[in-house]
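Next up: the structures, one after another.
Both complexes shown next keep chain A, but they swap its partner, so chain B is in the first and chain C is in the second.
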Partner chain A sequence: MQYEISLLTIMGISIIAALSLNLIVGFCGQISLGHAAFLGVGAYTSAMLTKAGVPFTAAVAASMLMAGIIGTVVGFTSLRVREDFLAITTMGVGFLFLGIVRKQDFLGGEMGIAMIPDPGLGKVGYLVLVLLLAATLALFSIYLKRSWMGFTFDAVADDEDTANLVGIDVSSYKLIAFAMGTAFAGLAGALYAHNIKFIDPESFGFVESITILSMVVIGGTGSVWGVTIAAGVLSIFPMWFQFIDDYKLLVYGGLLCMIMLFSPDGLSGIFGRFLNTIRGKNFNASGQ
Partner chain B sequence: MLFFDLLVQGLLQGGIYALIAIGLTLVYGLLRILHVAHAGLYTLGGYIAILITNATGSFTLGITVSMVSVGFMGMVIYRLIYQPILEKPPFVALIASIGLFIAMEEIYRIVFGAYGITFADAPLQGTLNIAGIYLRHCEIGALLLAALLITSLSLFTRYSRIGIAWRATVTDPGMSQSFGVDVIKVRYLNFFIGSAMAAGAGSMVAVMNNLVEPTMGSVPSYKALAIIVLGGLGNVRGTVIAALIIGVAEAFGTIYLGNILDRDSIAFALLILVLMVKPTGLFSKG
Partner chain C sequence: MLQVNNVTVVYGGVTAVMDVSFKVKDAEVMGLIGPNGAGKTTLMRVITGTVKPVQGTVFLESTPLEGKPPHKRIRLGIGLSQQIVHPFKSMTVLENVAFVAGHGKTGHPVMSVFRHSRAKEKQKAMEILHVLGIDKVAEAKPENLPLGYLKRLEVARAIALEPKILLLDEPLAGLNQLEARQLADKLLELNQLGHTILLIEHNLGEVIRICDQLVVIDNGMKIGQGEPHKVMDDAVVRSAYLGEGHHAAS
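Coming up: the complex of A and B.
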């Protein structure tokens, strides 16, 4: 039972991380290749604060705030550069985060931070907390997608210039997307830190950024349930199949490449086409 | 003397970066694809050079075979991966390329082992003293190779017919096609030359470190992206200059900024700084 609980906890945290990136990449159409850095900011903030005696809830709130603030600053770059340039810039932010943290002794440098305090909820309590937060974020995403803000994000994602032309304040919406996405990434990072109880710079590297991005892409960028399912499956996939662990990255890389080749809109795209085929048949069957 | 030592080491590293980044920027200029998997070909170049050299005892043969075969490998990647998704939005190719690169590194690890392979008898290891700066033969070789390849590329694109057609295609694919340029041939040529240059860099780095590991390409791959963005995407001359700047900045940065930033993030710090001031890179056209 212990094992299943820890698997589900990891799954919940991955879902929060993937949904947070989905707000930026899926909803607002701004590519980000450095998302793990914001998980890192959240994890380090929460770890440092709780070690200094701050209560768990306050530390998690602070880490969301911290990641959100840094995320907004990074979001400003998206106002200056677009598409390919933005992809490389956000990737650069990820490497910069690693480069800085590695050299800071008060953050533990290469060794990382160990003995991060337990939030005192017990294994099951912590799992319930993580799953509740993941569900809340999923519901929030669905709500957001259907709100006026969701439509505005869609407009910005589809065609920035036209959106600007019809009077949408593109810059503000991009910043809002970055602020929200990175704040939730901070939450995921803090939850990760208190779950594993040990963090080092390598836990938030480029491969992790890509892993989160692959969850979003494989799920179908912008699709809330697609991303949730992809994150859930991909996060525990390598642990269920221990024999695949050695080939985990090969499978990730191959899947990423294949999905882009054959179905760039991911699981939700495959499902959508499947639905259309069925509907198409019904449509014909009814003789119309 | 430390100043000149650092400068030479920086230029050497910059030359290697330039060889890798030129292929990337050529691909970007022609197809608007950020070809991350390019660094996988650089690693492959190192592996082939070591395997052939160990088998035949001739490093010249090793580096030649490596450059030619990796050049063809680049064409295969274009045909299988990029050609089907050229019409898709840019991030599709980028993510496919990252996926391919991760998979390539894993294949190297599974085939050649996690600890890498070395030369049985490493060539060009003697040292030469030039005005008080000690350089190994392989380092001089790498500098010469970089200079040779970059010069011949610029002569080739300036004076040969297909080179001129190539530049025309980069400037305006539609127009050059209507003037009878075979755009598909130009793309294959592009991937062949870019990949071969990366393999040349990979072979020289293999000699300098006497080691090729599966992850040899990781850091250069992302750094090369920073370099081509800094050089103004698609601009070869800008890329070479940016590569040399990054090489030198790293050599000095490791000494003077070593306690706040690690070596590999200096390029990105520089990149972000430049982009915030000039969002299209240092040497963008127009």
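Coming up: the complex of A and C.
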């Protein structure tokens, strides 16, 4: 039972991480290949603060704030570069994070930080907390998508220049997407740190960024339920079946290739077309 | 309404617009015409703020637009219909217009998250689509529509901003004669409803038919201004359109 609880906790954290990236990539159309760095910022912030005696909830809030602030700074790059160039820039941010953390003794350097304090909720309590936070983020995503902010994100994702020429302050909307997405990534990172109780730079490397991006793409960029399901399945399958974990990158890579080739709008697109066939109606993968 | 004063634009050493000035009065249809490469679209971009002039000023009513980014100029009361159609592809025709009609709800990015209802904006969008005669395709995705509909959608979006002035960059380009005439009639109707229009257009027949005033530019310089028939009778203007040979032959 302990193992299942652990799996479900990892699943909840992965869902939060994937939904946080979905706010940036899926909703606002800004590519990011360095998202794990913001999980790292959250994880390191919470680990350091709790080790210094700060209460768990305050440390988690501070993690979100720190990741959100750094994410907003990175978001400024999205005002200068787009698409491929933004992808390379955010990838660079991910490597920058690793480079900085590895060389800082007070962050544990290559060895990382061990013995991160337990939040004191017990295994089941922590699982409930993680799943509640994941559900809250999913509901917030749906709420956001239906708000005028979500409507505006759709326009920015479609065509930034045209959005600007119908009176949209595109820069502010993009920064808000980065701030929100990276703050929630910080939350995922903090939850991860207090679950595993050990973090090192490699936990937040390029492969992790691509893993989170895979969950978003396979689920269907912009689709809340699609990303939630993809993150849930892709996070626990490799742990449940050891042989998948051995070939994790191969499986993720293969799935990404297949999705890009056969259904670029992901699982939500496949489901949408299936519904479309049944109902004979157009389907909007965003869930609107 | 709109005042363009001594605007000069230089692209990498090449002067695209040279010391051009004109005024558009309230409830007027002003045509901005000239041969290809004359600098018309560049002037339009100076007004919207996507091109920065090396000299000159633009005023909307009494407000100077200098230093204001495009989205702020648009919100001051400029509705732009672009030469190349740019619909939001993930939205239906109705959503494209409703989104712009909700400009009051998207003006403050943070507050926009607390606003949900789209009913009023959809109703308003439907009315605009009806005026432009494309309400039948309201629920269609733009990618499935012919150019004539998309041109009208561009105009519909511009109107949805409730602008003080409509800037229309070649709204008739690519349309057949019948479609062009129908859309020109719609522009005339909009003008009669009180809209001020600055129209860039190559379709001279329709321009002369619907415009109150014309400004003609060639090689970045203003070469004529006045009532359409008078301007088109001007030898310099005719020469610019029909070539040097015409002037000599006539």
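In this section, the second predicted complex is superposed on the first by the 280 of 288 C-alpha atoms of A that agree within 3 Å, B and C clash if a C-alpha of one lies under 4 Å from a C-alpha of the other, contacts with A are read in each partner's own complex, and residues count from 1 in each chain.
One rule holds in what follows: contacts are C-beta pairs under 8 Å (C-beta built on N, C-alpha and C of every residue); 3 or more make two chains touch, one makes a residue touch a chain.
Treat the numbers as computed from the prediction; the structure is a model and nothing was measured.
Asks: Following the superposition defined at the top, how do chain B and chain C come out on chain A, clash or fit?
Replies: Chain B and chain C fit side by side in the superposed model.
Asks: Now for A:100: first (chain B), second (chain C), both, or neither, which partner does it touch?
Replies: First partner only.
Asks: Quick check for you: in the superposed arrangement, does A:126 touch first (chain B), second (chain C), both or neither?
Replies: neither
Asks: Hey, is it chain B or chain C that touches more of chain A?
Replies: Counted on chain A, the partner with more touching residues turns out to be B.
Asks: After lining up the shared chain so the two structures overlap, which partner does A:165 touch, if you call chain B first and chain C second: first, second, both or neither?
Replies: second
Asks: Write the angle, vertex at the C-alpha centre of chain A, between the C-alpha centres of chain B and chain C, to the nearest 10 degrees.
Replies: Once the structures are overlaid on A, chain A sees chain B and chain C at 80 degrees.
Asks: Tell me which partner A:173 touches in the superposition: chain B (first), chain C (second), both or neither.
Replies: A:173: touches chain C, not chain B.
Asks: Should A:148 be classified as contacting the first partner (chain B), the second (chain C), both, or neither?
Replies: A:148 contacts chain C only, not chain B.
Asks: Between chain B (first) and chain C (second), which, if any, makes contact with A:88: first, second, both or neither?
Replies: first
Asks: Which value in Å is the smallest Cα separation between chain B and chain C when the structures are fitted on chain A?
Replies: For chain B and chain C in the superposition, the minimum C-alpha gap reads 10 Å.
Asks: Quick check on the complex: what are the chain C residues that touch chain A?
Replies: The contact residues of chain C facing chain A are 48, 50, 69-71, 74-75, 80, 82, 86, 88-91, 99-100, 102-103, 105-107, 109-110, 112-116, 118, 141, 157, 161.
Asks: Taking the complex as given, what residues does chain A use to touch chain B?
Replies: Touching chain B from chain A are residues 31, 77, 80-81, 83-85, 87-89, 91-93, 95-96, 98-100, 102-103, 206-207, 210, 213-214, 217, 247, 249-250, 252-258, 260-261, 264.
Asks: Which chain A residues qualify as touching chain C in the complex?
Replies: Spelled out, the residues of chain A in touch with chain C are 144, 146-149, 151-152, 154-155, 157-159, 161-170, 172-173, 176, 282, 284, 286.
Asks: Within their complex, state which residues of chain B touch chain A.
Replies: Residues in contact with chain A: 28, 32, 34, 81, 84-85, 88-107, 110, 218, 222, 225-226, 229, 233, 258-262, 264-266, 268-269, 271-272, 275-276, 279-281.
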